[in-house]
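After this come two complexes, each holding chain A, first together with chain B and then together with chain C.
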Partner chain A sequence: MAEYKGMAQPSRAGEKDMRKIHMEPIPDELKPEKALEYLDEYRKKFRSFVMAMESCTKCGQCAENCHTYLGTRDPNNIPTNRAELIRKIYRRYFTLEGRWFGNLVGAEDISLDVIEQWYSYFWQCSECRRCAHVCPFGIDTCEVTMAGRQILHWLGITPKLHADVGGAMEKVGNHTGLPKPGIIDTLEFMAEECMDEFGIDIEFPVDKPDADIMYVPSSADFLLNPYTLMGAGMFFKYIGANWTIPSTVTEAGNFGLLFDQRYTQRHNVMRLLNAAQNLNVKKIVWGECGHGWRAAKMYVPSLADRPIRWDITHLHDEVAYLINTNQLKLDPSKNSKPTTLHDPCNYVRACGLNDNMRTCIKASVANYVEMSPNGADNFCCGGGSGILFDDKEMYQKRIELSWKKAEQVRATGIGKDGNGILCAPCSICKAQLYPMVEEHDLGVEVKGLIDLVGMALDFK
Partner chain B sequence: MANIEINGQQVEIDEDGFIVNPEQWDENVAAYFCKDEGIEELTDEHWKVINYLRDYYQQFEVAPMIRKLCKETGCNLKKIYELFPSGPAKGACKVAGLPKPTGCV
Partner chain C sequence: MKLLIGQILPFITITIFVLGVFYRLGRWVGARIVHNVTLSDPWLKSGGEVAVKIGTEAFLFRSLFKFDKALWAGAFIMHFALLNVLGGHVVGFGLLGEQFAYIPGITAEMSKDASNLLGTVFGIVLFLSIAYLLIRRFSISEVKSISNSSDVVWLVYLLLIVGVGNIMRLFHQFHIEYEPVRDYIVALFTLQPVVGMELLESYFFLTHFLLVQILLIVFPFSKLMHLFGMFAERWIVNRVYHDPAPGMPNIDIPAARKAGLGLPSGGGGESASEGV
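And now, the complex of A and B:
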């Protein structure tokens, strides 16, 4: 189903797919009462959620700061109104005025229609947190989307894309379903390509015990982003690292953050820690994945079931440190095309990668143009939180959701001669922007950041 | 999930219209999926891509990197989009009877 009473919705996972990720779908007639039960549980547990429910004054600051609203002009996509879809239920059942005065104070009874409305609108939000960034009260509306998606998941309503990713993660340890022989085959191919294109002899070690560095790439790199894999490989070769890629968790992403923080996200964390322990590595270095880096940097310590023995750093932090200490020789003339940087939301609004990304890119490209706004003020690519749906109605939404990004890229002028580079160092951003730069006719090619670093490395 | 009938055979397809059991795939199924894709007739070039995808999937249980698909079949990405308008993952993989690639693709 791609539509419910005129509202666009992503195609949803069937019962079989939901059971693979341990959810037993709730029958429709029981959904409303169960939704209330789960909402009650959620509000008792999360003060951030209650704050969003209780404190908003509807000042409207978030409206023009949301790329989803700017692209769709649908009032329900104004962040405070999106939160209102759940707030009206919260008010009805959990506040005195709502219980007494009902719809006079904007309260509404729970119903299947409301739940379907949640499914449509909480999956048009990118969880980019630009609304939180500008909210004068500091309300993080993303937390409301997270609550809505978690409750929907417990009811058995999850997009097929996200449920399949959860299932693949559990089955083989990565989102794209790569078994170990497939991982090795692709990495051998990457080694050949590095030799053919750059004349550099690289080995991509898999499951090598006692390595200093366990590199966790995004599994999407194995299908779509060859230069991201090659760039990382060339960087590790350059610094002479003793490194390895773990086959049991070949995944920088953690879709659990996006639809099921209680089970899926937590399960992936244990998988990571088990891999680090079994391979006896000294340090974990993260690949290019925005939400996944937020999940790793900000959530692993609190979700882990044991003390963390490893430093977990991002590849861009490693590169920037070596640039700042004059230990990397980079030749920016190898990347001479006009280049701009799209800041992945989770890097800049959750993980403080802003400066280090700029250190990397400015040292690696000859013609760098800053996008405006940028850094923590940047707009999302429109695919944030993995809303990379391709059923007709939702794909159309993706075009609308990337409208603001397209405007920003155009304003840099880098694509005017058709040879610009749009650097987007996150797998979701890449998967969203590959088709969107064509849809919006931007005259740019999408690349990762370590891709550009790898190409600029001077091995002489 | 739904069952569709192709040449008398019941074939299960998922919510995205991809085949659920790759072993049910045959030339009739490929021809059926072509209609969705707006492909009038499968040419030798189509088959080169389909056969490569199927061989790779049988060996590795996953679709190949797109760059490898292009290199091994001699079709660049533009050519693949000409052959399969929905692209390598959503077009070519579907016609070749592979499950839909998941994740950030």
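And now, the complex of A and C:
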């Protein structure tokens, strides 16, 4: 079912899929009362959620600042209205105001319809946090989306895409289901490609014991974004690093952040820490993945089950540091096509990667054009939080959700001769933008940032 | 009735207001900041930067200014006028309009005139700016779609309070002097026999006073708590954060480049290799 009473919805994981990720679905007739029970638990725990429920003045500032509303013009995609889908229930059951004044203050009884509304609209939000950035109070509707998705998950309602990804991660250590032999084959093939195309001789050490650096790539780089992996490989070769890729965590992403922070996300954190301990590495360096970087940088400290012995940095941080200290020779003329940067939301609003990304790209390309707005003000690509659904209704939504991004890219003018480069250094952004630049006919090719750095490195 | 509104209700009002505010703050404190959801727009590196960020948001409405000038104008003027009107109530009644006489060269007479003028101006500005926000609530379709009835009720209610207050100021025949009000308040809250009950003979004063008390009673349970909510929310999303230091262990780039690593003739090696 991809629609419920006219609302688009992603297709759901079946009972078997849910059990694989350790959830026992709740029968429909029990869902409303269980939803209240879970909501009550959630609100007693998370202040970020409580404040989003209790301090909005309905000023409306967030409306024109959310790409989902700009793309769909659906009032339920206005951030405060999205939050209101839970807030109306929250008020009715958990506030005096709502119990006394009911409808006057917008309180409403729980029902299956409301739960289905949650499923539709919390899965159109990309958890990009632009609403928090613009709200006069800093109200973070992403926190409400996270609450909504967690409750839905506990009820047994999760998109099939996300549930499958969670299951694959648990089974093989990455989202694409690629087992270790496949990883090794792919990496060998990429090393050959790198030699053929750039004349650079690299290798990808897997599970190398006592490596200094554990590099965690996005699994999408093995299949969809090979130049990102090659770029990283060239960079590590250039600096002569003693590095390795852990076969148990060939995944920078952590979909637990997006649908189940209690079990799935936590479990992935343990997996990461175990890998670092087993390989006895000194530092963890993260690959290009926006939500995954947020999960690693900001959530590992609060989810880890032991003291953390490793600094975790992002590859862009490390490259920028070496550029700033004049240790890399980069030749921007190797990337001469007009290039713009799409700022992944998690990088700029949750991880502070704004300046370092610019340091990297400006040193690596000859013809750089800023998009407007950019940095922390940037708009999401429309795929944020992995809403990369392929069913007909949701794919149509994805085109709408990327409308603002398309307008921004068009305004830079880089695609007018059909040879622009849209640098989008995040696997979800890439997966969203590959088809979307075609849908919107933008005349650009999508690339990662390390791709460009790798190609600009001057090995001579 | 007047006894109730003038001598009993004020104590009930204050009790509910104070306990209510503590009840709400307690609810907020009871839930924790579980994960670090600081906004990096950009990172704030010290307590001073946090204070500047929260301060400019709270007192200048910085984000509104940046993203929506029309809303900023209405909201800022409304709150600025409100702040002055509230402050004016305290110092105006407290010092009988002679507050400016503390400035050298200003006489008590001049101070009273200034106090009157400021009070009148801010009263009118406040009324107009609330009216502007009310019109905005209906005329902008997005704002209309996010409004609950209570959002409109609040604005109308404030218009009533401010409107009645303005009438007492602007129309001579309904005017109320500072002094009896001060004496009334002082007597009330020092638990002395209440004086100045004749103030409540004025239906405008009675209405104004009653409406304000109802506002204060409902305040802790309403959206007006954003006065405190604003700081509680920013306390979550605007915190100090320091990135871990960059720099990778055991790398020697000059040596690597000298050895020609990566160049086919140089120190290349096997391709994907599994560790031993």
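In this section, the second predicted complex is superposed on the first by the 460 of 460 C-alpha atoms of A that agree within 3 Å, B and C clash if a C-alpha of one lies under 4 Å from a C-alpha of the other, contacts with A are read in each partner's own complex, and residues count from 1 in each chain.
Rule of thumb we're sticking to: a residue touches a chain if its C-beta (ideal position, glycine included) is under 8 Å from a C-beta of that chain, and two chains touch if they have at least 3 such contacts.
Note that the coordinates shown come from a computational prediction; the quantities given were computed from them, not determined experimentally.
*Asks:* So, on chain A, is it clash or fit between chain B and chain C?
*Replies:* These partners fit in the superposed model.
*Asks:* One more residue to check, A:M298. First (chain B), second (chain C), both or neither?
*Replies:* It touches chain C, and chain B stays clear.
*Asks:* Chain A residues in contact: does chain B have more, or chain C?
*Replies:* Chain A has more residues touched by C than by the other partner.
*Asks:* I'd like to know which partner A:E64 touches here: chain B for first, chain C for second, both or neither.
*Replies:* Second partner only.
*Asks:* With the C-alpha centre of chain A at the apex, what angle separates the C-alpha centres of chain B and chain C, reported to the nearest 10°?
*Replies:* 150
*Asks:* Looking at A:N326, would you say it contacts chain B, chain C, both, or neither? Reply first, second, both or neither.
*Replies:* Neither partner.
*Asks:* Have a look at where A:H133 lands relative to chain B and chain C in the superposition and call it first, second, both or neither.
*Replies:* Second partner only, chain C.
*Asks:* A:P226 contacts which: chain B (first), chain C (second), both, neither?
*Replies:* first
*Asks:* Return first, second, both or neither, reflecting whether A:D164 touches chain B, chain C, both chains, or no partner chain.
*Replies:* Only chain B is touched by A:D164; chain C is not.
*Asks:* Shortest C-alpha to C-alpha distance from chain B to chain C once the two structures are superposed, in angstrom?
*Replies:* 16
*Asks:* Residues on chain A in contact with chain B in one complex and with chain C in the other?
*Replies:* Comparing the two interfaces on chain A, one with chain B and one with chain C, the shared residues are 185.
*Asks:* Using the touch definition from the top, list the residues of chain A that touch chain C in their complex.
*Replies:* Touching chain C from chain A are residues 43-52, 54-61, 63-65, 69, 75, 78, 80-81, 84, 95-97, 100-101, 103-106, 129, 132-140, 143, 184-185, 187-188, 190-192, 195, 199-209, 211-213, 234, 237-242, 244, 282-283, 285, 298-299, 301-303, 311-313, 317-318, 320-322, 327-328, 348-355, 376, 459-460.
*Asks:* Taking the touch rule as given, give the residues of chain A at its contact with chain B in the complex, in rising order.
*Replies:* Residues in contact with chain B: 11-14, 16, 160-161, 164-165, 168, 174-179, 181-182, 185-186, 189, 193, 218-220, 222-224, 226, 253, 289, 386, 388, 390-391, 427-428, 430-431.
*Asks:* Provide the residue numbers of chain B that touch chain A in the complex, in ascending order.
*Replies:* 1, 14-16, 59-68, 89-90, 99-105
*Asks:* Which of the residues in chain C come into contact with chain A in the complex?
*Replies:* 24, 27-43, 57, 61, 63-64, 66-68, 71, 75, 140, 142-143, 145-151, 153, 221-223, 225-226, 229-230, 232-234, 236-238, 241, 243-253, 255-257, 259-264, 266, 268-276
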